[in-house]
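Shared chain: subunit A. Partners: subunit B in the first complex, subunit C in the second.
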Partner chain A sequence: MSRRLGILWTALIATILAAPIAITIAGAFSRSPWYGLRSEGTPVQGTGELFAYVLGLWGGNLLRSLQIVAVVAPLALLLGAPAAYAFRRRPFPGSRWVEAAAVTPLAVPGIALALALIETAGGAPRFALLAAGHLVYTVPLVVKTVGNALESHDPRLEAAARTLGAGRIAIVRRLVLPLLAPALVLSALLVFAVSWGEFNVSFLLATPSVQTFPAALYLTYTTNSFPVAAAATLVFLLPVVPAVAAIQALGGAELQRGAQP
Partner chain B sequence: MPAGPGRRRREVTAAAPRGRRSGRGAGSGAWSGFLLALPLMLFLAVLVLWPFSHLVAAAVTAPGGAAFREVLAAGRYRNALVNSLLISAAAGGTAVLLSLTPAWVLARERFPGRRLLRAAMALPLSFSGVLVGFLMVVMLGRIGAVPELLRWLTGRGLLAGAAYTSAGLFAAYLYFEVPRAVLTLEAAFRSFPSDLDAAARTLGAGLGERLLRLRLPLLAPALSSSFALTFSASMGSFGVALILARRFTVAPVEIYTELTGFSNDAVAGALCLLLALITVTVDRLAAARTGRRKPP
Partner chain C sequence: MRVDLEEVAFAYERQQVLAGVSLALADGGITVVIGPSGSGKSTLVALVAGLLAPATGRIRFAGTDMAGVPPERRNVGVVFQSYALFPHLSVADNVAFGLTTGRHRLPRGEIGPRVRELAALLGLGPLLGRRPAELSGGERQRVALARALAPRPALLLLDEPLSALDASLRRQLRAELAELLRRLGTTVLYVTHDQEEAMLLADHLVVLERGRVAQAGPPLELYRRPAHPFVAGFLGEANLLPIAAALAEPGLVAPSGPAGSILPSAGGWLLVRPEDLAPDAQGALAAVIEARCLGAFDRVVLRLGGGSELRAHLPAGTAPSAGSTLRIAARRAHVLAAAGADPSIRDGRPGGSAAPGPGWSLDQKE
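Then we have the complex of A and B:
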């Protein structure tokens, strides 16, 4: 009895969480006469035309977000993964402190970081500043994910490889990297999911010519009609849904700490 | 159980010097570790430490800490901070309470559709704050789904525009907090030793006694860490409030308004520092509490 009630309660909460998404998706495909010509002044009547219109409006932002992810993802892995390896396998005096410091930025509000970056490096190219802001919130996720993975592997494997005559490069290439491959894939997905939706840092750092897609979402939510806003939301969700599904399948618990709403 | 990860960590440090190929001084493993972590340390120093120390220096060197005094004096800025604290604390507590049952069900029960429910819980985790704000407008805006439904049922426009009130912001915070609390608690519930619960039952402990004297103490760290997580997520949440906060203000939006509307960098900086101080302190307290069993 109580089991059934618990499942019902869970289903109710999941439904409440899913309902607004379902309504929004329906809004992008509905054709109601009171929308007029999708109330945008241009003949955006079919669904295909609606999405073409949205991409025409915000295509630049979409491209910018993709560029940011393309720059941030490899950099975050290169900064975070070797450090995580050091913290677990080659600890040095003070490494516990560095590790704690490395994950602390996750708790710092994005707008505070944005202001601090503007005040100190406001003259830097805005794309670099945006990438820097995204790195601050994604590198900690890589450190955590790779660190957790290393913790679950037996460190004596590497010692065994060494006694069998494997050099450092061989150990990294043929033992450590293959063992860490799932964690590295998970890290890259987390970086993507966080960077793709990042708004709190990006909005203050953005300029009219260098804006990410969530900034476009803000503009479309405040200026466009509901079908256009819904279509833009759908464009945002399209890569997020498979990414989150894959993160869940790989057991990525860091997402609930990483993404700042 | 608590000794598990700790013991393994000690083994790691012990294995490193033993496993080295040539006997170059005892510090070689540590040196290579330092070099591997050096890029990260430089990155943290340049992009986090330096900007924030600049912010602190600017706030402290201002005559008499004027900006802090202005923020903490009664008025708009203090109201924004208090609003943030109250709504975040209320929403965080409510989210943890609402999430207890779903987290338990997802962790311990097997039933058809479980994976689908879990996916629905996880999806909002990656949502941008503005998107959460928009979803709240879709549900509770002036022509939102809920008011339209109520109009159809009762003939009156109840709850129309509720999204733009502090209750609407509270609901929006719940929207992104419940998934965070559910998934954090689920992980804790999965490792809950149910044999202890069974033992207590055979010893005659009723449900109430088991809840109070067994489950609550065992789960206290998970409860406090999920509250810390949800609380600091909403304290720093900017996008949601930017869409919804029309008739009142919360700290992140106030920072934005001061910066872009009035170029009042001193007050914005002081507000940023106070906000970051609160969220980082709460986060570190929770980490210290669970840290005895797990690395950060």
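Then we have the complex of A and C:
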């Protein structure tokens, strides 16, 4: 009985969570006159034409978001992973506090962060400022994920490799990177998901010429008809779904592996 | 390879771990360092391996000062307490690791034969394709040993290699390990807190107490003639009686013998091992407080006339029951002329700040 109740409850929650997406999908594929498609300047006929129209409107922002992610993901890993390694393997007096400070931005409102960035580096190119805003939110994720993975491995492994003749480069290449590979892939996916969907900082730092896709989504929700907004949302979600699925799969495997002795 | 440690000291976060340790590992010999947890044993291994640098003092390999030489260039093999097997590599790749990098890198064609050679030596043949997570504790221990031996190290360091295993497996592997290490003839530094392991393996035994060498020498010498109450208590069970109290029990030790005249003035302690006590018609009268048969022998707690308690091991089934009396004498005894020793040493725990001193022994019936 309680099991059946649990299934019912889960199904209910899932339905509630999935409903907006379902309605969005429906909006992008159904043609009803009262959705306001006619209010768009150009008449749009079929579904293909609708998506082409949406991409024409927001393609530039889509490209901008891809550029941001392409810059932020590798940078976040390059900054976060060595930091995590230092915190876990080469702790220094006070490194716990530095680590805590590195994770704090996750709890700071985007608007405050955006203003802080404009205050300190307002003259910098807008793209760099946007990337910096995304890094502040994503580096902590890398530090945490890689740090947890390091915690699950015996620190003596590196000592063992050294006594077997391995130099520092060999240790990184043959031991640290293979052991951290799942955590690094997981980090990259998390960074992608967060950076791709980041709105607060992006919206505040955006200029008409440098604007990410989520900021554009806000515009489309406020100015366009529902089918156009729905289609834009679907385009936005397209890469997110496989990323989230991969995070789910990898995250589970990583946790299981960490639990082993 | 001969290894010398000269006044090696190490402190960790202002806590003194090793204070002026000097010891010599004979070429091809097995040196066992034994001590309770916190005595600095693992630190000693890390220092010799080059994973830590001593604060002061020198470590010499065959006469050469190793200061500044990193572990990867020391030619040492280490078996860690946790084994530290590489979890992402198969057993074969773990064993081959030291042959594929650094100074002991072998040509590709020679790696396989060397791995198979070690697999045969340690009985790893059927395990070569497995991952460490799929191995039992004893199997992991053997893989760790094979991995450490593969590059033919001049010095093998073993840091409590059996402590992660259960008792029966430990006993079995202990004997196998002793046989293997002797056959290999490598210079070995073996660290343990287990007294039986130490006695079985050691050519040379070093007792470490709170970062200092309490005593070093042949294992049996340390067992029979400890210079320090701590050593007496740590290596096996010990009855330590104040000299005056021991002499007040007529018949416990024979009045004849060379030490007879020294005893009253010397102060210090008389060490009697439980297995050296035996019933004797001329012995000291003792009340039996407790008698338990442990299978191989009877363990008896006795109280002497003066109130001192003794533990004796008597042949199984020969102990009188509790409440009766018994005349007992020590077949062998040893005098520790250590002032200020703490009698709590009897429980095998370190006592006060007893200074090591010279010892005298009485071998009465040998």
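Heads up, the rule we're going with is that the second predicted complex is superposed on the first by the 244 of 261 C-alpha atoms of A that agree within 3 Å, B and C clash if a C-alpha of one lies under 4 Å from a C-alpha of the other, contacts with A are read in each partner's own complex, and residues count from 1 in each chain.
As a working rule, contacts are C-beta pairs under 8 Å (C-beta built on N, C-alpha and C of every residue); 3 or more make two chains touch, one makes a residue touch a chain.
All values reported here derive from a predicted model rather than from experimental measurement.
> Once the structures are superposed on A, label A:238 by its partner contacts, choosing first (subunit B), second (subunit C), both or neither.
Once the two structures are laid over each other on A, A:238 reaches no partner at all.
> Using the superposition on chain A described above, determine whether A:26 touches subunit B (first), subunit C (second), both, or neither.
Touch status of A:26: no partner.
> Would you sort A:178 into first (subunit B), second (subunit C), both or neither based on which partner it touches?
second
> Figure out whether A:107 sits in contact with subunit B (first) or subunit C (second), or with both, or with neither.
First partner only.
> After the superposition on A, what does A:162 contact: first (subunit B), second (subunit C), both or neither?
Once the two structures are laid over each other on A, A:162 reaches both partners.
> On the A-aligned overlay, A:170 touches which partner chain: subunit B = first, subunit C = second, or both, or neither?
second
> Quick one: classify A:124 as touching subunit B (first), subunit C (second), both or neither.
neither
> Does subunit B (first) or subunit C (second) touch A:70, or do both, or does neither?
It touches nothing on subunit B or subunit C.
> Looking only at subunit A, is it subunit B or subunit C that touches more of its residues?
More residues of subunit A are touched by B.
> Touch check for A:197: first (subunit B), second (subunit C), both, or neither?
first
> If you lay the two complexes on top of each other, which residues of subunit A touch subunit B in one and subunit C in the other?
Residues common to the subunit A contacts of subunit C and of subunit B are 156, 159, 162-163, 260-261, listed in rising order.
> Can you list the residues on subunit A that touch subunit B in the complex?
It comes out as residues 3, 6-7, 9-11, 13-15, 17-21, 23-24, 27, 78-80, 82-83, 85-93, 95-96, 98-113, 115-117, 119-121, 132, 135-136, 139, 143, 147, 151, 155-156, 158-159, 162-163, 193-194, 196-200, 203-204, 214, 217-218, 221-222, 229, 233, 236, 240-241, 243-245, 247-248, 253, 255-257, 259-261.
> Please give the residue numbers of subunit B that touch subunit A in the complex, ascending.
It comes out as residues 5, 8-9, 11-13, 15-16, 18-21, 29-34, 36-37, 39-41, 43-44, 47-48, 50-52, 54-55, 58, 98, 101-102, 104-106, 109, 111, 113, 116-139, 145, 175-176, 178-180, 182-184, 187, 229, 232-240, 242-243, 252, 255-256, 259, 265, 268-269, 272-273, 275-276, 279-280, 282-284, 287, 295-296.
> Show which residues of subunit C lie in contact with subunit A when the two form their complex.
46, 49-51, 70-74, 76-78, 80, 82, 84-88, 97-98, 101-105, 133, 147-148, 151
> For the complex, give me every residue of subunit A touching subunit C.
By the definition above, subunit A touches subunit C via 153-154, 156-157, 159-167, 170, 174-175, 178-179, 260-261.
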